[in-house]
Amino acid sequence: MTVYLTRKCEFSASHHYFNPAFSEEENRRTFGKCANLNGHGHNYTLEVTVKGEVDATTGFVVDLKELKEIMNREVVDAMDHRYLNHEVAEFKEQIPTTENIAIAIWKRLEGKLRVARLHRVRLFEMHDLWVDFYGEA
Amino acid sequence: MTVYLTRKCEFSASHHYFNPAFSEEENRRTFGKCANLNGHGHNYTLEVTVKGEVDATTGFVVDLKELKEIMNREVVDAMDHRYLNHEVAEFKEQIPTTENIAIAIWKRLEGKLRVARLHRVRLFEMHDLWVDFYGEA
Amino acid sequence: MTVYLTRKCEFSASHHYFNPAFSEEENRRTFGKCANLNGHGHNYTLEVTVKGEVDATTGFVVDLKELKEIMNREVVDAMDHRYLNHEVAEFKEQIPTTENIAIAIWKRLEGKLRVARLHRVRLFEMHDLWVDFYGEA
Amino acid sequence: MTVYLTRKCEFSASHHYFNPAFSEEENRRTFGKCANLNGHGHNYTLEVTVKGEVDATTGFVVDLKELKEIMNREVVDAMDHRYLNHEVAEFKEQIPTTENIAIAIWKRLEGKLRVARLHRVRLFEMHDLWVDFYGEA
Amino acid sequence: MTVYLTRKCEFSASHHYFNPAFSEEENRRTFGKCANLNGHGHNYTLEVTVKGEVDATTGFVVDLKELKEIMNREVVDAMDHRYLNHEVAEFKEQIPTTENIAIAIWKRLEGKLRVARLHRVRLFEMHDLWVDFYGEA
Amino acid sequence: MTVYLTRKCEFSASHHYFNPAFSEEENRRTFGKCANLNGHGHNYTLEVTVKGEVDATTGFVVDLKELKEIMNREVVDAMDHRYLNHEVAEFKEQIPTTENIAIAIWKRLEGKLRVARLHRVRLFEMHDLWVDFYGEA
């Protein structure tokens, strides 16, 4: 039986949106208040969904403790209480939009699971705004 | 990279369920308390999901301001604080069930986005009852 | 030991705000979109808090089944799937604002409990707007 | 038009995780605190999604009253306020993990609907942990 | 300045309601499905509110790390993944109703804080049922 | 009749905790990850409760549009998408803890209402951590 299991966690981080190739005015028009270079922040909520066969001896698709450790090590430890633009490698070159953070999280998690396969990364920036990434190139 | 982005909003409206081709008794049996012709109402929660490529210069799948304006103009301005049966064109002929409202919202939004494509309309009538429409005929 | 117990329930209703003593323009200015005489609606969430001594033989402040029955009989049966202005006695004369509905609910519940005392009626019109009434004249 | 409709309900149950084929130490290592044979419990939240054509005369994909009755009869009446390992047939042999409970619920619901088809069973054990089952063997 | 600070945590436990001084029939009538001696369970949500002066050098009413440690040590470690009637001292004699658990938690926490004072214990058994205890005898 | 009305809003901001009178080590020990001078951020949720008499002609305790405008002008416009330590006057000298932000918001709102009186400012930093301020010196 194939089951999808989702685990949720949270991290609090700072960011700003700014493209050095844009003019000052273009940054302001494209990114609005997010272009403030002092940064602002969010409580990000991350949902990681894995897909796999249910193990008959344990009833588990994935070892929950292991999944939690991977999420903490690869994402929370790296991004929680950080200014994403300045302190997380992926965002030195790339703008840390919700879209790009979700893709970065996928890449950090992919290949780390021993049993189940990564199915979806869902990242909420606010309760009314979120993105889903399924690893589609 | 293909990312799905979802934006949520709310509107408060009134409606009733009644089919003039049904007998009084059939309406009551099919629609229960919803058949009360005085109407009753809900805080509808709408989630609109769009799908698209992440733009390398902005990190965005869609211009969030534009998406919000489309949702407000096409849905909220038309349905918020309205009696759907009497004041919204689609429901003069059709019963405004959650299913039919979701389909109507899809049709109002479809083709309005310049970059991303509409992927899903999710509409909650209550926190424990909702429908999804993906444009499947 | 004095403990406060709260039970939550929901009902869906329609209403409008209109004072016949006001001019058309005054109604519009005071009540905005709520002045639409066709009505609009909400999923109201009601929280009823009672206060009392913990009974040593049951560990209860109040019989939960009884509390639920009183809330259903006095409030939900009367207001759910109703147009408050037209179908609920209190609002034939009074505008069904969240404030006035909460007071009406207090009066309907007060004196109905056999053991504990009514402490607070909290009524949400939306997730971001609610009122509390403690019976203060 | 094909629409997916979801209805949510809750039940409170007890369970423990234990495989008699494992050693005491293996059970503890695999299941942690869940291996406590006295049991512990959860407020399970169940979301059942059905898929179907919208009926032109009612605007419904499924009779909501019927769906609710099926969910209550097949799941809530059987599992609510129960110790799953001892009182629910499926878990006399199988460990009642969230994965296995979701599959058991699918099997209980499948084939009970007269109009729409079962699409997904989502079961939350906690607000931050849930599984989805789509009937994939 | 006097500020009230609240911290939330969760634990999952099993319980049943049964008074040996009652007849079988009286237990069933008073406690309904909760009288099942196999037990059933909940995800309890605990909110602990403390009251105190804001320290001018830290801006804190209480050391958050210390508050979390006290809540974990005194409540979560003792009650999480436990069958309350059988494994927690207070409930060998007393029925573990939400009321009695909240009072037991108050007594476990009272006097443990070095700076702020305990103000309120709020305990949710379900999202629609909770109690508040302020230490009122 | 005296009724309490609460309105909720949100803002996203950045902050860090640092006391220049403390040693580096003391800052780290007292504030942990919050001492990171690059800052991190949150989605703050603000609930403002006012208390007043229900106006017999409108059924309102307060003009909701006016309350919303005051909250936006005094709080959201000043703090949303800002780095509190660097961009909000109160926090040039004071550490922007949840406690101090709540007090600052009270002072910004107090005396701005024409009819009702400010009763409580509740500020959530996370869903599981919040403070209440009632203006108690």
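Per-chain numbering from 1; labels A, B, C, D, E and F assigned in written order.
The rule we apply is simple: a residue touches a chain if its C-beta (ideal position, glycine included) is under 8 Å from a C-beta of that chain, and two chains touch if they have at least 3 such contacts.
Predicted model only: the values in this text are computed from it and were never measured.
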Using the touch definition from the top, how many steps at minimum link chain C to chain D?
2
Which option, C-F, E-F or A-F, should count as the same interface as B-C once over half of the contact pairs match?
A-F
Expressed in whole Å, how far the mean CA point of chain D lies from that of chain E is 28
I'd like the Å distance between the centres of chain A and chain E, where a centre is the mean of that chain's Cα atoms.
34
Could you check chain E for residues that touch two or more other chains and list them?
127
Linking chains that touch, what shape results: line, ring, star, complete or other?
other
Which chain pairs touch, all of them
A-B, A-D, A-F, B-C, B-D, C-E, C-F, D-E, E-F
Chain F-touching residues of chain C, taken from the complex the two chains share
17, 19, 21-22, 30-32, 94-100, 102-103, 127-134, 136-137
Where on chain D is chain E touching in the complex?
10, 12-15, 33-34, 36, 38-43, 80-83, 86-87, 126-127
If you look only at chain F, which of its residues touch chain C in the complex?
1-9, 49, 54, 57-61, 64-65
